[in-house]
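I have placed the structure first, in the form of structure tokens, so that the comments after it can refer back to it.
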Amino acid sequence: MSFKISDKIKLAVKQSPEQVTRINIGDLTIGGNHVIVMAGPCSVENREQLLKAAQVVKDAGGHILRGGAFKPRTLPYSFQGLGEEGLEILAEARDKTGLPVVTEVLAPEDVELVESYADILQIGARNMQNYPLLKKVGKAEKPVLLKRGMAATIEEWLGCAEYILAGGNMNVILCERGLRSFDKVTRNILDVTAVPVIKQVSPLPVVLDPSHGTGVRSLVSPMAKAGVAAGADGLMLEVHPYPEKAMSDGAQSLPPEMFRRLMSELKPVAEAVGKSV
Amino acid sequence: MSFKISDKIKLAVKQSPEQVTRINIGDLTIGGNHVIVMAGPCSVENREQLLKAAQVVKDAGGHILRGGAFKPRTLPYSFQGLGEEGLEILAEARDKTGLPVVTEVLAPEDVELVESYADILQIGARNMQNYPLLKKVGKAEKPVLLKRGMAATIEEWLGCAEYILAGGNMNVILCERGLRSFDKVTRNILDVTAVPVIKQVSPLPVVLDPSHGTGVRSLVSPMAKAGVAAGADGLMLEVHPYPEKAMSDGAQSLPPEMFRRLMSELKPVAEAVGKSV
Amino acid sequence: MSFKISDKIKLAVKQSPEQVTRINIGDLTIGGNHVIVMAGPCSVENREQLLKAAQVVKDAGGHILRGGAFKPRTLPYSFQGLGEEGLEILAEARDKTGLPVVTEVLAPEDVELVESYADILQIGARNMQNYPLLKKVGKAEKPVLLKRGMAATIEEWLGCAEYILAGGNMNVILCERGLRSFDKVTRNILDVTAVPVIKQVSPLPVVLDPSHGTGVRSLVSPMAKAGVAAGADGLMLEVHPYPEKAMSDGAQSLPPEMFRRLMSELKPVAEAVGKSV
Amino acid sequence: MSFKISDKIKLAVKQSPEQVTRINIGDLTIGGNHVIVMAGPCSVENREQLLKAAQVVKDAGGHILRGGAFKPRTLPYSFQGLGEEGLEILAEARDKTGLPVVTEVLAPEDVELVESYADILQIGARNMQNYPLLKKVGKAEKPVLLKRGMAATIEEWLGCAEYILAGGNMNVILCERGLRSFDKVTRNILDVTAVPVIKQVSPLPVVLDPSHGTGVRSLVSPMAKAGVAAGADGLMLEVHPYPEKAMSDGAQSLPPEMFRRLMSELKPVAEAVGKSV
């Protein structure tokens, strides 16, 4: 390994080449030879939408249900999420489908509430360096999915993971979701290379989010395949039963039939790199 | 004005060309014809250091004392600030010098504590989009200094100000502190142009931080002058009685004699654009 | 297609979804279902090195030999390439192996010379917007490989292809080779997403260069696979018989055994997306 | 000086803190205590337009006339400049006003032609790393204005200056004209900090181009003042007699009255930093 990463980062960096963190959630293992697909809508909008999305994810072979109850929005006047009601709907969807749930937590004071419903606590890109929040989820029982900030170096990202690990929570999943770019043809520039860098530098599993990473529906499938070919431990995908009606991120959400096709097309790509999906 | 800024931003955008927000703190007015200098060390390290720094700032003609008690650090093992003890030291320095105090708050649950000591609440670049924190300071009585995120667009920055203003706190000061860059000759790229953009687009006062913006001591003085010439309402500067011993940001902190020289050199520049300092 | 690309670009943008440009070079077709691998050293250093590299490329199943005779170097004191002598060595390697040759041309006045030896004329990233050079190769008989500038938008890149196409040379291959980034853990940020964007927007074939795109040998293989999975028509790879002795780009060059392994690992990935290699 | 610049750059980097390159053009000296203003239209469009612009520049106190005869345009179908006819018009304007002329040269084979008309040869941002062109102007008699590439590091920029200096032409003027940015509120991000970095690192004079650097007319004046306050040796400004009719860059061109006002407002700023204009 020839990457320049601060040697003050201890827990988020491999101490030996073979070191790998595997995270178990029910029957699933993240960080092994099975590519994990987390899918669902950007926001939990209502019970009908979320239950329908969950069924689509389940039927197509997805493994984890995603959906936001607390939403970080650019303007105070935008839909801010359903809050606890959204968490209850997510829990109901889990009960019906058996899919574990990942959802975002925005504030330290909400960690206990979110943890009481969710299976994985998501820290969003805007909060990657929200250190009080990182310290708080470092004391949580549930695994944490830590999104990379939109202009964060890999070293800074690992430093943020270190905050959580140093708190005692060893179950951190890293998620690359696209960086700021000068080229507005896509919403962000997806740093696929971060996947093999993390696999070589860190024991932690890493997943790729081509939905936020591109912002364009027709690019999600090729970039999901690219991520799996590059060695990603999983994918995070926006799937909506009716993307054209989505309250947020409709342009990048996959409709059910595109998600089903992607799931079947991912299988040979995963097998080509010695994995399954 | 021909800038493309979302028309959903109401309070942080001018409704008429003459609209200007002036913020009063004791005898000072931010946003008028007097350039306000906020100066002091990156971190409150101990009583002796801070009181000495405060006296340097006061004697050289600075207007507001800055210093961090809660520090957002890249690694969990770095000095995290003195917390409430640091706030007490800041308050003592204010009592001794008469300088109002600006200091950072990191978590919603600390807002009341910090507000009980500080005159201005600082939201750091890493927390620009920490919406629960913005909502909380939107309910505070004290003015808020909102730093621009290190890869935030001006529109996103104004959207964050809108969160505070929409909460009822109309006293928001914007602070440009440098953006992420590919060129490592400086720590960041200081977006001086953000100053006239804000002055033309927004009623809010805007200050420039050439210390974080460059990360290099010898660049602070020319860039401070550039900021004033471009129309900044104030400056935020790191000054340390012994920069070589600083626990953080020593390389960009001005020693007392450089700060005094800068203060005297700023006067003709301010006058050249119709202001005083 | 929902990409915002200027409608003044006519030839480099698809006029119908099915439009595809296929470029024939001897028995090879670029832009079809066969992934084309262009490989060889950064610079032609001497006869022995280049002939050895060519044999490695040939034996492992590579399709086209790359190597620079005219080198764009950051400093005037660095090795500038062997010039015409390098072209002669490339031609000898082609005679011995049957591999067509791609090599860079830097100046309009060299186009005829380079064309008399090479099978594909390469325009490097630094010259993407060198319009007199683009106009000149637009009049050439040989195909042109146009690298994307290190901070060029996709629209600007297509605009440069348009210069060549408008000159009458319809055989343009696009090559993504990494963009400027703030994160120095890799040399550049490889914009893999550019591959599916180009495939959806333009009829032209697009290849990916993970060697320059990452600058790190251990990242070349995963990113080559990612590129193929994302739909690239080919790859451009740096291969050197003795990377530790390379006069340029040694840290990112593959030694022979890594190149052979990559070639065999690429096959199932290509098949997974309905192609061969 | 604590900047990390390759020590292989010899001529473009100061060998002692006092070393300064002063460039004489007629009665003017660039690099001394007088701020030099280069102004004129983006393109030479016709005789009437250019002569009128030259008179505006002269009357308001500008020092050098700028105007492009060979234009690097994003698309082959755009106006490419008047070529030699444009050079003749520039020479006529010089004869009428006494203003020396700076104009861009795009190709090595045009250097002699352009040199026969112009007083300063401009290398544009897109050609910063066009090494054959740099080598050619390194053999020219006339001074060279070298614009920084839109994503070039300061070290790379100095390396390009080194190509010219190593060729024997010691009269190189550096010009910062804005870098690529993710924020589209301005056309580019103007790196004002490059001015004091160059002044501290290099003996060469440096000028700032706030017209291209911002792309917005109302920002040109504050950023011109910022540049002078930061220590720029000169400014490059787009001035057009009728900006609304300009064939290129109209939105950032100053009309005559704004240019006159700026020239008078620059005087006190220059004096505030110990210079004249």
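Per-chain residue numbering starts at 1, and chain names A, B, C and D are given in the order in which the chains are listed.
The definition used in the following text is that contacts are C-beta pairs under 8 Å (C-beta built on N, C-alpha and C of every residue); 3 or more make two chains touch, one makes a residue touch a chain.
Just so we're clear, the structure is a prediction, and the values are computed from it rather than from any experiment.
Two chain pairs, B-C and A-C, are weighed by contacting C-beta pairs, with A-C ahead. Among the remaining chains, A is positioned farthest from chain D, on the basis of C-alpha centroids. Computed centre separation for the pair chain B/chain C is 47 angstrom, with centres defined by C-alpha atoms. Centroid to centroid, with C-alpha atoms defining each point, chain A and chain C lie 34 Å apart. Residue positions of chain C with contacts to 2 or more other chains are 151, 180-182, 184. Taken as a graph of touching chains, this assembly is fully connected, with contact between every pair of chains. Those residues of chain B that touch chain D in the shared complex are 1-5, 151, 153-155, 179, 181-186, 189-193, 195-197, 199-200, 213-214, 216, 218-219, 222-223, 225-231, 251, 265, 268-269, 271-273. If you check the complex, the residues on chain D that touch chain A are 180-182, 184. Those residues of chain D lying in contact with chain C across their complex are 6, 8-9, 72-77, 106-110, 126-127, 129-133, 135, 150-151, 156, 159, 162-163, 166-167, 180.
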